[in-house]
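Taking it in order: structure first as structure tokens, then the write-up.
By written order: A, B and C. Residues from 1 in each chain.
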Amino acid sequence: MAIHIRLKQFDGPLDLLLHLIGKAKIDIKDIFVSEITEQFIAVVSGAPDFDLDAASEFVAMAALLVEIKSRALLPKPPKTDEEEDPEQVLIARLTAYKQFKESAQTMSSFEQTALQLYAKLPEEIPLPPPTLEIDGLTLDALWLALRRIAERRPKEEREVDYRLRNIRRDCYTVEGCMEVIQSRLSIGEATFDELFCDVPGREEVVTLFIALLELLKLGKAYVTQGAAFDRIILHPGRRQGFGLE
Amino acid sequence: MDLNEAPHAIEAILFVSGESVGVPELAQALGLSEMETMHAVEALQKEYESQTRGIALKRYGDHLKLETRVEYAPYVERLLQPVQRQSLSQAAMETLAVIAYHQPTTKGDVEQVRGVKCDYSVQSLLHKGLIQEVGRKEALGRPILYATTDKFLEHFGISDVRELPPLPVLHSAAPDDEPPLTP
Amino acid sequence: MDLNEAPHAIEAILFVSGESVGVPELAQALGLSEMETMHAVEALQKEYESQTRGIALKRYGDHLKLETRVEYAPYVERLLQPVQRQSLSQAAMETLAVIAYHQPTTKGDVEQVRGVKCDYSVQSLLHKGLIQEVGRKEALGRPILYATTDKFLEHFGISDVRELPPLPVLHSAAPDDEPPLTP
């Protein structure tokens, strides 16, 4: 009997076995009194697309079939309770597989009907901005939050390191320097250099400079310069008629 | 909202959505309980059925969807090219059958029944949203348990897995020519 | 086709199409004359109008379309964009409390009271609309002043910040059992 079958057509050895059983028109339980084992081996060994990786399950099944056949030729050892008869196990597996294969066919017919149920595409809807609702906003919760802060503070302060160290008094404050600059400007323009004493320290320079920037930002003074590296002149008030400032 | 208005609000929502909508989301949008929502759904379903309408309200598990009635499919297909869903391959269908009837179940169980590796078909079914992971089996290796989804029901046009026909009874290992043992 | 079935076949076609469909195309798909089709359309239209349905059949010249009724739009929006519920973190609640009682106040002040950086919680409160910028403090760096919003009042169920409960008695930095140092 010539069999032209490609293994790829089958979803595994059980599928192929069921196919052969169906072709031979026999019952599953008669598989070992038939030629199915020989046909199975013939298909697997003769498969043109034989690829051990893909066919390993088929080969394993062929080995099992041969084992079951050869057992049948030997006198049967007395059966123990735990020992499962590989023939019965295989028949049970084939039966179970056949059940699911048939169910899969029924499901396919359900699928075919369902594929004819049409829905519409979702509409495109411009959505308003998402609304956010906030839970747990109660006056009690707010009050408790304040208590938490209050109770935390003294504890944290106790953790302060009380080692002795020298702290130099800040001689210059930004607010102080702002007053100095403003009082100087109240009598007219001034140059940047004359704000500083003869030998200014780093603290004085930095603080005065920040104070000046602050005044510029508040619009209480403005600066002009004739050319690059020229003297910087400070003027009181906001700069007038200067386009995009 | 007014309970008398609910069925038609549901109709409007499902119409706009196009896709299936979960009962909890629907209930939230309507400001109703899930129970009240399901009552409204049933009222709407009855309304559709009493008049052989062109569209039907389908329930797939916990999801609802408006769909055309199958008898009008030829007219729809004649005029429009509706988006056709893909049918499943034989391998995927077999894997799905084992999961549907044994759920929750593991890949190992499916492989045991089918006699082949099922990694690919399980992945593809997960990807299509027809099955989902539902936990792990308390067994060696704690394998993942799979079950079918509401999308599975939608794909097969049934409201509940129990609508699948029971597994066919086959004359298995016990030969039928032997009379059953009776006391 | 059976003329009695035509209205529902039209419903099925319009439903799937989602767009407006011309009467000639409908007639062709149904295998009916345009006259017969228009009769079926009118029958369907009557059916829709006699019941306050969630969807309506609209006629634009000789084109037909199924649309949702406007009155149900809010439900649709709520489904597609459910209200997000969130609660304030402990940090944000503390920041809000300090701002509520000290308003208008700066981030620096809040940080001073809470003893931690408050950039994130101030941003989050701004984003949630519970506080707003109300100007700048005439101080170094002109820091932004924050105050609570009307939404804040609404959420806490009060009509004025003066309705806030009195500040808790603080065991503050200066323990009150020690007499203050006087020169």
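The criterion applied here is as follows: contacts are C-beta pairs under 8 Å (C-beta built on N, C-alpha and C of every residue); 3 or more make two chains touch, one makes a residue touch a chain.
As the structure is a prediction and not an experimental result, all values here were calculated from the model.
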Legend entry - Per-chain CA centroid nearest to the all-protein CA mean: A
Legend entry - Identity of the chain that, by mean CA position, is farthest from chain C: B
Legend entry - Inter-chain centre distance, chain B versus chain C - centres from mean C-alpha coordinates, in Å: 33
Inset, instruction - Just give me the whole-number Å value for how far the CA centre of chain A lies from that of chain C. - result: 27
Legend entry - Residue numbers of chain C (touch at least two other chains): 12, 15-18, 68, 76, 80
Inset, instruction - Could you check chain A for residues that touch two or more other chains and list them? - result: 118-121, 123, 125
Inset, instruction - Please name which positions on chain A make contact with chain B in the complex. - result: 11-15, 27-29, 57, 61, 88, 91-93, 95-104, 106-108, 110-123, 125
Legend entry - chain B-facing residues of chain C, complex: 1, 5, 7-13, 15-18, 21, 25-26, 28-30, 47, 51-55, 66, 68-69, 72-73, 75-76, 78-80, 82
Inset, instruction - Quick one: which bits of chain A touch chain C in the complex? Just the residue numbers, please. - result: 118-121, 123, 125, 127-128, 130-139, 141-143, 145-154, 156-157, 174-175, 214, 217-218
Legend entry - Of chain B, residues touching chain A in the complex: 15-19, 58, 65-70, 73, 76, 82-85, 87-88, 90-91, 93-94, 96-98, 100-101, 112-117, 154-158, 164-165, 167-168, 170-173, 175
